[in-house]
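Some structures are shown below for you to check.
Here come two complexes built around chain A, the first alongside chain B, the second alongside chain C.
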Partner chain A sequence: MKKVIFRVDDRLIHGQVIEGWVKYFKINNVVLVSDRVNGDPLQTMIYSSSLPPGTNLTICSMAEFLTSFNFKKYNKDFVLVLVESIDELYEAKGLLNEDVYINIGCVACREHKIEVSNTVFLNPAEIEKVCDIRDDYEVFIHKVPWETSVEIRNFTDLLEGNL
Partner chain B sequence: MKILWLLIKSLFYQANLNHENMQGTGFSSMVKSAAKAKGVDLDEDTIYNETAYFHTHPYLANFILGMWVKEYQKDGEPDFYKKVYSSAFGALGDSFFWHSLRPLCFIVAAILGFNSPVLGLVTYLVLYNMLSLAFRFTGFSIGYEMGRDVIVFFNRINFNRWSSYLDNVSKFMLGFLLSFLVKESVGFNPLILGVLTVYLLIGLAIGRKLDIVFGLVGMLFITGFFLYFTGV
Partner chain C sequence: MIGIILVTHGSFGSELIKTAEMIVGKQEEIESISMQEGSSLANIADEIESSIEKYAETGAIVFTDMFGGSPSNISMAYLGSKNVEVVSGVNLPMLVKAISVRKENKSLSAICEDCAESGKTSIIVAGQLLKGRA
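And now, the complex of A and B:
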């Protein structure tokens, strides 16, 4: 597994993230990128309290993340970067590279969304953005590490209504 | 009485678990009774809106329910904090109840089950349900009392540390169980104890990297070869 994991998860820190990723890979650094959580003391306390002891949580806004995220800081340890939506992942596209494991974990069902997996529901605009990222890097739908990951190859077919 | 009914109802909270809204239907059904228990009448639209996507740890859902009613009563942001707490309680609940408490109860039950299988079974059910039901049955009142600050209760009891404490107890009990099993089955046999030690070390070293079925099949082959060549 690559050391830097970017995960799209609209529930941010929840059971699958803790049991599936943080504890499984013994991840000590979690970066939560969210304008909604950043600067809100109550939400910060809630998310910090849900992590196992010893895990460092950094909460930052998207703007801060884009300007200050440093891969070199995490070259030995695992780091899990959590963003809430495909839009945010797309916004951070400039930071992606071959050493990043791009993972779509959980995007809840909303109206007019297409069921891509049992935890990932995307609308056509989001699928297009994923296609755009996939042109340069591998993107996986991967709920938890012990389940098989799905590499996204045929999203273009999905957009054309062929799946 | 209304509260008791609500608590009993919460046992069926996941009856309509599905991929689209997960526990949304259950929450919507609970919120109607919860509000009524606190003298709040919700209109149909509000109840319907609560069927939206919602997923948390089922044993801690009542905390969110209590918080929701409190926030609703004081014109706060019940749905916003419902979403925030659903994730956090999912993390806390999964870690404690499913990752740590369940294996510990199983190990304790297995140890006691040696003398009396019925005792083992009863111990498992009592131990596990004692804690899960305690959280279910106190959750609503605590959530209602503390409102959106309900996380303070979990911090006060250091709940995120409980999981690691229980894991340590489980490891000790598992060691006890394995030693007991070896002693009861083969007595002191250096060869078998040596093999078991090697298995344990291999498991610790590569257990997490292997698929569980692949690992099991691999171990069966190794054991077969071992038994064949040693003539056991």
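And now, the complex of A and C:
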């Protein structure tokens, strides 16, 4: 597994992330990028207390993340970056590179959604953005490490809601 | 009476209520909110909010299955509401305790402490009991 993981998950830190990613890969560094959580003391407390002891959590706004995120700081240690939406992943596109594992984990069902997997539901605009990222990098739908990941290859199929 | 709301992954909450009712009989003012794969957090939050509102006067305990999981994270956002407490790690002895102790004239926080204690002390590694006897 690549050491830098960017995950889209609208539940941010939850069971799949803790029991799956964090414990499975013994990830010591989690960066939660969310303007919503960053400005909210209660949400900050909730997410800060939910990770296993010893895991370093950084909560920051998207603006801070875009200007200050530095891969080298983690010195080949695992770092899991969590964003809530495809739009935010797209906003951070400039930080992506070949060493980043791009993971779409959980995007809940909403109106006018297309079911991409049992936990990922996207609208056509989001799919366009994923396709745009996919032009440069591999993108995986991957809920938890022990389940098979699905690499998004066929854009036309994806837009039609099939994988 | 203080309301009991279970917010859990899958149908654990509704099944746990049914199971508890096998022991203590049919209950009022107890309900479950089930979070399925693909459920929207906003919808679950709306469900929790409307359940909590029903018990605005009497108070409510929100039981969740796992600290750190989404059901728990969403529920904890209502800690600021009046008369609401969240207890994670719900199990059958804890729920049975809640059902009985909410009838007593105790504060919400005291009831929650009783529930947490009951949930914890019910966990026994049976082999250890035998070792104690030897």
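Annotations for the structure displayed:
Assume the second predicted complex is superposed on the first by the 159 of 163 C-alpha atoms of A that agree within 3 Å, B and C clash if a C-alpha of one lies under 4 Å from a C-alpha of the other, contacts with A are read in each partner's own complex, and residues count from 1 in each chain.
Just so we're on the same page, a residue touches a chain if its C-beta (ideal position, glycine included) is under 8 Å from a C-beta of that chain, and two chains touch if they have at least 3 such contacts.
Here the structure is a predicted model, which is why all the values come from computation and not from measurement.
Superposition of the two complexes onto chain A shows a clash between chain B and chain C.
When the shared chain is aligned, chain B comes close enough to touch A:Lys23, but chain C does not.
In the superposed pair of complexes, A:Ile46 makes contact with chain B and with chain C alike.
Between chain B and chain C, the partner in contact with more residues of chain A is B. Applying the stated contact rule after C-alpha superposition, one finds that A:Phe140 touches neither chain B nor chain C. Once the two complexes are laid over each other on the shared chain, residue contacts for A:Arg11 go to chain B and to chain C alike.
In the superposition on chain A, A:Asn118 makes contact with both chain B and chain C. According to the touch criterion, the shared surface of chain A, contacted by chain B in one complex and chain C in the other, consists of residues 11-15, 18, 42-43, 46-47, 49-51, 108-110, 115, 118-119. Note for the complex: chain A touches chain C at residues 10-15, 18, 42-43, 46-47, 49-51, 108-110, 115, 118-119, 121. The part of chain B that touches chain A in the complex is made up of residues 19-22, 53, 55-57, 84-95, 98-99, 148-149, 151, 154-155, 159-161, 163-164, 208, 211-212.
Listed in rising order, the residues of chain A touching chain B in the complex are 11-19, 23-24, 42-43, 45-47, 49-53, 108-110, 115, 118-119, 146.
Only residues 9, 37-41, 66-70, 72-73, 76-77, 79-80 of chain C touch chain A when the two sit together in their complex.
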